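Heads up, the next two complexes both have subunit A, just with different partners, subunit B and then subunit C.
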Partner chain A sequence: MLNVLSKRVLLIIVALAAVLFPLVFPNMYVLQLLTLVFIWSIAVYGYNIISGYVGYLSLAHAGFFAIGAYGLGLLTTKAGFSYWLSLLLAVLITSIAGALVGVIALRTKSHFFAIYTMCVGVIVYLLIDKWDSLTGGVRGLIGIPAPGNLGPITFDTLTSQYYLALFFLTFTIFLCYRIVHSLLGRTFIAIRNSEELAKTIGISIMKNQLLAFTLSALFAGLSGALYASFIRFIGPQISAITVTFEMLMYLLVGGIGTLAGPIVGTLIVISLTQSLQFLEEYRMLIFGPVVVLLVLYYPRGITGSINGYFQKKKQQRVKVANEEHDVKRKVGEAG
Partner chain B sequence: MELLFQQIFNGLTIGSVYTLVALGLTLVFGILHVPNFAHGAFYMVGAYITLMMMVGFGFHYWIAIIASIAVVALLGVVTQQLIFKKLEGADGMRMMVAAIGILLFLEAFGQFMWGTEYYRMDTPYGSVVNLFGLTVTLQRLLIIVAAVILMLALHFFLTKTMIGAAIVAMAQNREGAFLVGINANQVAWLTFAIAGGLAAAAASLASPINLVFPTMGNLVIMKAFVIIIIGGMGSIPGAILGGYLLGLTESIGATYISSDYKDVIAFLLLVVILTAKPTGLFTKGVQ
Partner chain C sequence: MFFSTEGITKRFGGLAAVEDVSVSVEKGTITAIIGPNGAGKSTFFNLISGIHPLSSGKILFKDHDITKMPPQQIARLGIGRTFQTTNLFEQSTVLDNVLIGHRLRTKSGIWDAIFRTKREKEEEKRSYQKALEALEFVEMMHVVEHPVSLISQEEKKRLAFALALATDPEMVLLDEPAAGVNPDETDGLAYLMRKMADHGITVCLIEHKMPMIMSLADQIVVLNHGKKIAEGRPEEIRQNEAVIQAYLGGEAHAPVKQY
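On to the complex of A and B.
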């Protein structure tokens, strides 16, 4: 682990760079890309809570993403609600859906949980695809409004949308940071390491898992809603299981169960995909094996491996210091 | 009444395909102890190999099927030896993610090699026959008969041969199998070969009545998951029962309830089952 001071400095530099970026490089294409990276990262942070910290592989994540997106899309276009109210409601609906699914799904364990959530994801996809009169079916939902004015602030330019996504991402990361460094986060990790052990020290497994699952759905919903208002068009394809796999890949590349993992992974994979655009359709020819190799040799991803490296160095330092101390003490005793 | 019998016949056809896929999945589950998400991709590759053999090299349908079984069996062995063998003892999540990685690769590979078009597969058995007053295509009849033959062959292999018994032993109790000197590695790759072969056979048989395309394995594999949960993970009779049950439910549901939502039936069925019984039906012991 980096020491606290340099970590804080690094964090401030990254945050400043993100804030100043549009002013220094007003490149529309890059801004568009980064905004998408921020939006997807929010969903991946949600994924990280249930799959990274609690250790349950959920395959319904794209389903929740789509519920958020369609929630916002339908509330604004069909019900005629204002943007911000719709955003709030969409996130709320997704969280409630997450809680309801979680109550039942979390009674199942390991691969049963994975298959159960996969089925939930498929049902969401099939419903969106077939329920023509509500969702527009395969034609999708068009004409979703951009974020509405917030007092004097308007969101009609790309730069303002960039800052909006950055704001929500920062909020997400801050919340995740607080969770991970609180008793709750330690409880999650305790459950991941051993459910039996956690149970014996009096942790309520179900309650904590449910909280984690609901939070993960909440972030997926927020991300989906932001995505809908940024792209302005959504189709059933956003709830396909391949989208879940995609998010899983971002998480895995960045480092599952680490705080920086989701943003690092999403940034790297999306920028790589964009720079290898000729590969667009076949990019899984590369990323599929990458996922397998990561699982085989670097299960903790980029961030996890870097953290591990610093931890090892620190341990070595401590060891050397201890040895020196021992030597001094022995010399002192001898003298 | 005739419509009902027609639908029962169709249900048996689809059920046969589901069963063959689910059997492979359930066998591999005995080795990995996690569901192999890449199994659907094996199914897809199997269909393309058969198609390629027939169209590209002009082989007869049966020869193409045998070649396809061999290729996909080999593919199964390669993934086991290169990937799953190295993950032995790792937690279930890593295995599942590795399987997802293989799935993503194979799907992209299928798209890269054969494009995203939908292909028809010709069959020498396209003619229509009259069976007890029902008009059925020969191919559908063939699917049912071939599936039953394959199931019987598998049954005799598992119960009457030493290697088959070793596979069953491994699935039942890993430590016990080691104690009596079973070669775990050999059993593992053999199981993957059988599972791959069954997937290829199922795909080659089903393709003439469906179509061949890169994502053709997705729905099938997800339904196979549903089947092995209904039938109990790792249970062979369960997979057969579940496969036919799902095939019949779907085909009858499509006629009498809604053909739009026929794919939902399987997943709703599973959600209901797991809601009532979180460890799946017919699961032995405690989770």
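On to the complex of A and C.
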């Protein structure tokens, strides 16, 4: 394990780098890319709560992302609500949708849960695609406004949008940190380890799972709403099952069930796909095998493997200490 | 009566895994459930702890009818348990494993987590204390910070006890607590069970190690083919014709290991 001090130093360096980046390196393309990375990461953090910590593989995540995006898009363009009220409502609507789906979906386990949630994702896609009069169908929704002014702060420039996304990402990570390191987080992990054992030590499985599922939908909704106001155009494709699998890939590459995993994975995979852009469709020929190898040899992802390395070192120290303890005891007994 | 079952039956399809079993247990005693493999002992525990619903019958605990209660509520009322296969989180430390045991006595939710409220901090502290107390009880203070993957099989058994104790139980159900450990270590575990009973915790255990049971148990219940065939003090069971028949005579059963 990294010790607390060096971990804190590392965190401050990363945070400073993220804040200073647009000032030092004002490249529009890179800024655009990073903003998208931040926005997607928020959704992946949500994904991590239900699939990483509670251990239930949900495949409805792109559906919730789309509900957030369309929620914001429709509330601003069709209902004429202000941006910030719409954002709040979009997140709320997604959370409620998450809770409702969760009540039914969580009655199923493992692969049945995955299949059930995948169906939910497909239904969301179909609703968006076919409900022409509301969602604009395949034509999509255009003219979504950028975030409205907050007093003197405006969000017209790319840099300001970058900071907005960074703010929400930091907020998300902070919430996840607090949750993971609380009694509630321990409860989630206990359910992942063994549902049977968790039940017999008095944990209500359903209640906790439902909370985790709702939280994961909440972050997906927030991410989707931010995405809609950043890209300003959304189509039904954002709720496609492939989007869920992309998010799952970010999570797996970064490290499922770790706090840094979502941002690390999203950053690496998106930058990699972008830098392999010149290969066009053939980039998957390189990308596919890389992901397969990673999952085969580092199933806990990048962050998980780094943590594992430090843990192993610690275990070795403990082992040595144990042996010394045993030797001393034996010497003591002999004497 | 502290704990009793009244004619409980569990059918899986046409097969009765447990049939019409009535048992009563006094507070602070040690009751051993024995019987050949497949006699329905683990199912009996699963019925008591609420994992499986009953087909018929009644379970009473401290004057509460717990027949239809879900497992988490039964645990909150004060019945803890351990499993035959030790169900522990291998990657985290011994202390972290036991900490979660006290969760059922805490109330902190999502808001407490996000705002790190006073309640969260207090309950966290209380959980730590409870976990340390439980680990002290099972004499594992020297490995508190060790990852579970590094401790011995016997220590894992003790850790499972500690986890059950951290729930503040009044009764514990131990499913083969001494399986897979050597005779010396078995004595240590038997001592622990006696210590629990001396502290007023009622112990029910399933076990195959006869010498240990004969010296440890206050009461023995013998199951065979899901039915109770005998109950009584160890010396009575030793003489019981039906028991001897079930273990040695007539039909082909897996014999109980004798040491």
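Side notes on the structure shown:
One rule holds in what follows: the second predicted complex is superposed on the first by the 301 of 335 C-alpha atoms of A that agree within 3 Å, B and C clash if a C-alpha of one lies under 4 Å from a C-alpha of the other, contacts with A are read in each partner's own complex, and residues count from 1 in each chain.
Just so we're on the same page, contacts are C-beta pairs under 8 Å (C-beta built on N, C-alpha and C of every residue); 3 or more make two chains touch, one makes a residue touch a chain.
Source: prediction; values computed, not measured.
With both structures placed on the common chain, the touch criterion links A:Gln315 to subunit C but leaves subunit B unconnected. By the document's definition of touching, of the two partners only subunit C reaches A:Asn193; subunit B does not.
In the superposition on chain A, A:Leu211 makes contact with subunit C only, not with subunit B. Once chain A of one complex is fitted onto chain A of the other, the partner contacts of A:Ala114 are limited to subunit B, with no touch recorded for subunit C. Counting residues of subunit A touched by each partner, subunit B versus subunit C, the larger count belongs to B. Of the two partner chains, neither subunit B nor subunit C is touched by A:Phe25. Legend: residue contacts after superposition of the two complexes on their common chain; A:Leu183 is shown touching subunit C, with no touch to subunit B. Residue contacts after overlaying the shared chain place A:Leu175 against subunit C, while subunit B stays out of touching range.
Judged by the touch definition given at the top, the superposed model places A:Gly202 against subunit C, while subunit B stays out of reach. Common to the subunit B and subunit C contact sets on subunit A is no residue at all. Across the interface of their complex, subunit B is touched by residues 51, 55, 57, 104-105, 107-112, 114-116, 118-120, 122-123, 126-127, 130, 241, 245, 248-249, 252, 281-285, 287-292, 295-296, 299 of subunit A. Partner subunit A is touched in their complex by these residues of subunit C: 49-51, 70-73, 75-76, 80-81, 83, 87-89, 91, 96, 99-101, 103-104, 106, 108-110, 112-114, 116, 120, 123-124, 127, 142, 145-147, 149-150, 163-164, 166-167. Of all residues in subunit A, those touching subunit C in their complex are 175, 178-179, 182-187, 189-190, 193-194, 196-205, 211, 215, 311, 314-315, 318-319, 322, 325.
Within the complex, the subunit B residues that touch subunit A are 33-35, 83, 86-87, 90-94, 96-98, 100-109, 111-112, 116, 218, 222, 225-226, 229, 233, 260-261, 263-264, 267-268, 270-271, 274-275, 278-280, 287.
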